[in-house]
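Paired with chain B in one complex and with chain C in the other, chain A is shared by the two complexes that follow.
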Partner chain A sequence: MIRPALTRLASLFGVLLVVSMLVFFLGSLIPGDLASVIVGHEGATPEQFERVRRELGLDQPLIVQYLNWLGNAVTGDFGTSPITAREVSADIAQQFPVSLELALLCLVTSTVIGVPVGIKAAVSNKGWVDAAMRASLLVMFSVPVFVVGILLLLFASAFAPDLFNVTYVPWQQDLVGNLRSMALPVATITLPFAAMTMQMTRSATLEVLSDPYITTARAVGVKRRRVHYVHALRNALPPVVTFLGFQFGVMMGGLLVVEQIFSLPGLGRGMLDAINNRDYPSVTAITMVFAAVFVVVNAAIDLLYPVLDPRQRSR
Partner chain B sequence: MNETPATVAAPASQTSRRPKLASRLLRHKSGAASLAVILIFGVVAALGSLIQPFDPIAGNVVASFSPPSAEHWLGTDDLGRDVLSRVMDGAKIALIVATVSVGVAAIIGLIIGVIAGYAGGFLDLLITRAQDVLFAFPTLLLAVIVSAVLGPGLINASLAIALVYIPRFGRIARSATLQVKHSEFLDAARLAGVPVVRMLLRHVVPNVMPSVLVLAALSVSTAQLAYASLAFLGLGVSPPQADWGSMLSEGRNFVTVAPWMVIAPAAALVLLMVAFNVVGDAVRDVMDPRGEHSKGAPIAA
Partner chain C sequence: MERLNPADAGPETRANVLTVTDLQTAFPTRRGTVRAVDGVSFDVREGETLGLVGESGSGKSVTAMSILRLVAAPGRIESGRIELAGQDVLALEGEELRRVRGSIAGMVFQNPMTALNPSFTVGWQLMEALRAHGVRDPEELQRRVEQALAAVGMPDPARQLDTYPHQMSGGMRQRVVIAMGMINEPRLLIADEPTTALDVTIQAQVLNLMKRLTREHGTALLLITHNMGVIARMCDRVAVMYAGEIVEEALVRTLFSAPKHPYTSGLLRSIPRADHGRGKVPTMTGFPPDMAAPPSGCRFADRCPYVVDACLSDRPALVEVESAHKTRCLRVQELGGSVADLTVRGVA
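And now, the complex of A and B:
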């Protein structure tokens, strides 16, 4: 179990390295460099321009720039933002917990809703449950996150003013206020995610329900509930978890949109602001953070697989 | 939307099958209905200013925020522009992006995938690894970064989405190529001395095409969604051009004052997406009765 974990870890760094190159060199393709962002708008003389470029090391070959950047990035130093004049890593340290909280809350709510409902749908023999699920799924897949978000906003403005246009408060300060500011964003992402989880759980459960061990469990008189929620779920879970891992990237895209709609000061919002301000150090840094989280989560799920399914363990 | 990839190589044997495919698609009830919906959007987009009640760009500050009325069926926005005209004008953008991005991705992915699958060896490894890296990235995030690099705009956003979609076409084309690579008819062609390029175009591509077409049909709706997300984030066409995504992001600020500013573009967007979705599923049902292609993950939730 240790060896595959190590190879997975190595390939993880490989992917991140390639991503860092891509991001860095793509960034260098953007017309106008950092120096023009810093002094460009003040009608600077070419001499000033050159001086800033030299200070930032922009006069050096691209490879040298990349290696310098990589060397600093490994130590967590992503440079200084030309817009806010703050350290990029300090900005990220503030934005990261917001997005993390949002993502974790969404994961919890969609699992808590999606898994039981999925099992219920699988074991229910009423046709309308299945039909209702299929219809709701089609809607969920076809309604974009930002439309859901705006509709929820519209709904809140009319019926739940407590949740409308709440400014974000960190949970350390005020837990209730924090949850209030998170309610609509979480609901926005949870709707499609719970639907997808439900669908996956349903089909995975259906598959195991016909297995002989379920029949045996029923035959020896194990309670119906226990058969469904313990025996069946145990074997239905691995594919559901893998699927959630695949969808994690989609959720990160959702964060980008949701933070924009509800003005949450998270990573996605930081990324868009950075793009609009041509704040390159922040764009590259946040991209790397997103990529790292995504790659790590997927690797973690790969490693979780043998834990959930003993048959996957190497003998 | 099917024509674009098909122009790469349309061997004679395929042309005879196409009308049959179309008629089967038309017999697919929900597929035909959705096709009609898309057609209506297409007609509205094509007729453009001929049927738009107002100029979608010209503002009239006096009439700003007017609720739906006999004059302005869907009301007006913050600058007094007619929402109905803007929604109608936005259809053009939505349709162009969806078809262009998927078309470009399908063609490039097809070429890359067939080459990778047929050549094998180092080239295959290189292409597959490059695709893995692209896959290792959350799709909307990748599209956002690429459009940030290219700059906002219709063509750039389409290219960004196309780039994100290339790997999945490349992957499916590669595996389909591998399936036929060692078949007897290819051996026969090889022995008969058919040149490589001709062999790929005449014998490999026609066998790869069905999978690519199915994937293309399934991808149009998610591509349209991806563009709407980009536009919503401010990376689509530049204002004042009407666009559903940017209309929604503008309307978000006035959601309490003028909810009609968001409801109309949202409804249009969802309607067209459902239609594309259903048509995509119908194409899959019709072309691939075994149903072995699972639907690609949506690019943005």
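And now, the complex of A and C:
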């Protein structure tokens, strides 16, 4: 248990290192640099421009720049944003909890909805429940997130304007107010993610339900629901959990649109703003955070496997 | 469990624990309905061992699954009557049916590698079988599971509780499956090819174990197999299935010494025997009929060496030709007491 965890940890850092190189060097391919953002395009003399470049170390070879950046990044220092003039890490520290909360809430809701419904659909395979569920699933998949989000926003403001907060409230400040500001964005993303979770659970459960040990459990008189929710689900779980972990990574990084619609000050919006403003340090840093979350969650899932499946435990 | 051991009573006085009457189980397929079990009737008496023998596809496993209504959809029991310890199984619903499963009739499945849930310990699964029938007390659960494991000859039962199926050998797993079938002290154990998936050396041990256990507890045994050797060693009576029908039913001794159906006789000839020396084992030619469109006459007709025109048009009934000996053959009187000595067409 310890050794695989350590190797896993090592490879995790390896992946992050590669990501950092990609992000850094690809970023440097974009025409213009941080100095041009700071100095601006008009009215700056070439001398001013060169001075800023020197101060930022942009006159040095790319590899030296990268190593400098990496050395700082390891200590959590991603530089200063030319736009907000604040430390990038301070911005991220504010944005991260918002996105994390959003992703966690979505993970919970799509699991709570998707898993039981998926089992139900598998059990009634080809029955009307299954058919109805698969039809609504198709709809939930097909409608783009920005359409659902805007529709929800419209409906909420028309029919229940007091129920939801349109401006973000941090949970440390007011938990209920926070949930009221999170409800609509969570609902928006839950729709497609719950649909995918359901589909995944359905196919995993279907596969397991035809296994002989399910017949064994039925033959010995175990209750139907218990056969489905304990005996079958336990075996259908590994692929579902893998999928949920993957989803979580996608959610953290893929909430740009939703955060924009509902003006949530999360990482996604931070990313959009940074790209629009050519705020290079922020773009690089947020990308690294996304990558780190993705890699860490997937590593955690890998470590969870032996817990879920006894056959993968080393004796 | 204070029950009079039915094995002590004479065979005539024993009551039936299972009576199957005219059972039909069908599967819809693209080519039409396949009646895998087509009008099967038999009974199992308290404490006796009935063998159900036949080749793959003869409907013996579907018969076994039908008894506890475990036939997987889209398979369906179309008609017939199954009476298990006085209860009409086909009339039971929901909870009533669930309570019968495991407690009145237990099952042992063919493949111990897949019959146990890989995600739970052996102890948990056995306890689950007890919990399904209302045992709640943790100490009682533990005690009875250890007892059950000891009864099937598991070394160090207390330690096996935390073992996962994949950590055990096939033979050990099958012992667990048997323990699970027997743990609620059913009156009938249905064993579907219980040794087919096991090494030959383990087969005898498992068979002996089942024989001893059912005898000790007075449990009746319905043993499904394709192996005539297993029948000879284990059973009191035997029913031979072919193409969804029972074609012959007799006491084991009678069946082996004087089979009355050409199919049974062919089966007996194809048992490899050490004293036959080297050479080919005789085999039957041909294949069982297409069950989506079974012949209207005798289903064995096109493989039968004694076939006459009438066999192709008239479907023979299962008739009792001697006491406790039934056969399904039009020519049974003509062919005389036994067909065993006659040469069978197509046998090398």
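Criterion: the second predicted complex is superposed on the first by the 301 of 315 C-alpha atoms of A that agree within 3 Å, B and C clash if a C-alpha of one lies under 4 Å from a C-alpha of the other, contacts with A are read in each partner's own complex, and residues count from 1 in each chain.
Definition applied: a contact is a pair of C-beta atoms (placed from the backbone, for glycine too) under 8 Å apart; a residue touches a chain by one contact, two chains touch by 3 or more.
Owing to the predicted nature of the structure, the values given are computational and were not obtained by experimental measurement.
With the C-alpha superposition on chain A as described, chain C and chain B fit side by side in the combined arrangement.
Touching more residues of chain A than its counterpart among chain B and chain C is B. Of the two partner chains placed around the shared chain by superposition, chain C is the only one that A:309 touches, whereas chain B remains out of contact. Of the two partner chains, chain B is the only one that A:256 touches; chain C does not reach it.
After overlaying the two complexes on the shared chain, residue contacts for A:220 are found with chain C alone; chain B is out of touch.
Look at A:153: by the touch rule set out above, it reaches chain B but stays clear of chain C. When the shared chain is aligned, no partner comes close enough to touch A:72: not chain B, not chain C. Of the two partner chains placed by the overlay, neither chain B nor chain C lies in contact with A:167.
Of the two partner chains, neither chain B nor chain C is touched by A:45. Of all Cα pairs linking chain B with chain C in the superposition, the shortest spans 18 Å. Taken together, the two structures place no residue of chain A in contact with chain B in one case and with chain C in the other.
Those residues of chain A that touch chain C in the shared complex are 210-213, 215-224, 231, 234-235, 308-311, 315. The touching residues of chain A, counted against chain B in their complex, run 15, 18-19, 22-23, 26-27, 29-31, 138-139, 141-147, 150-151, 153-154, 157, 164, 189, 192-193, 246-254, 256-257, 260-261, 271-272, 275-276, 283, 287, 290-291, 294-295, 298. If you check the complex, the residues on chain B that touch chain A are 132-133, 136-141, 144-146, 148-149, 151, 221, 225, 228-229, 232-235, 245, 248-249, 251-252, 255-256, 259, 262-263, 266, 269-270, 273-274, 277, 297-301. The part of chain C that touches chain A in the complex is made up of residues 68, 70, 72, 98-103, 106-107, 109, 111, 114-121, 128-129, 132-133, 164, 166-167, 177, 180-181, 184.
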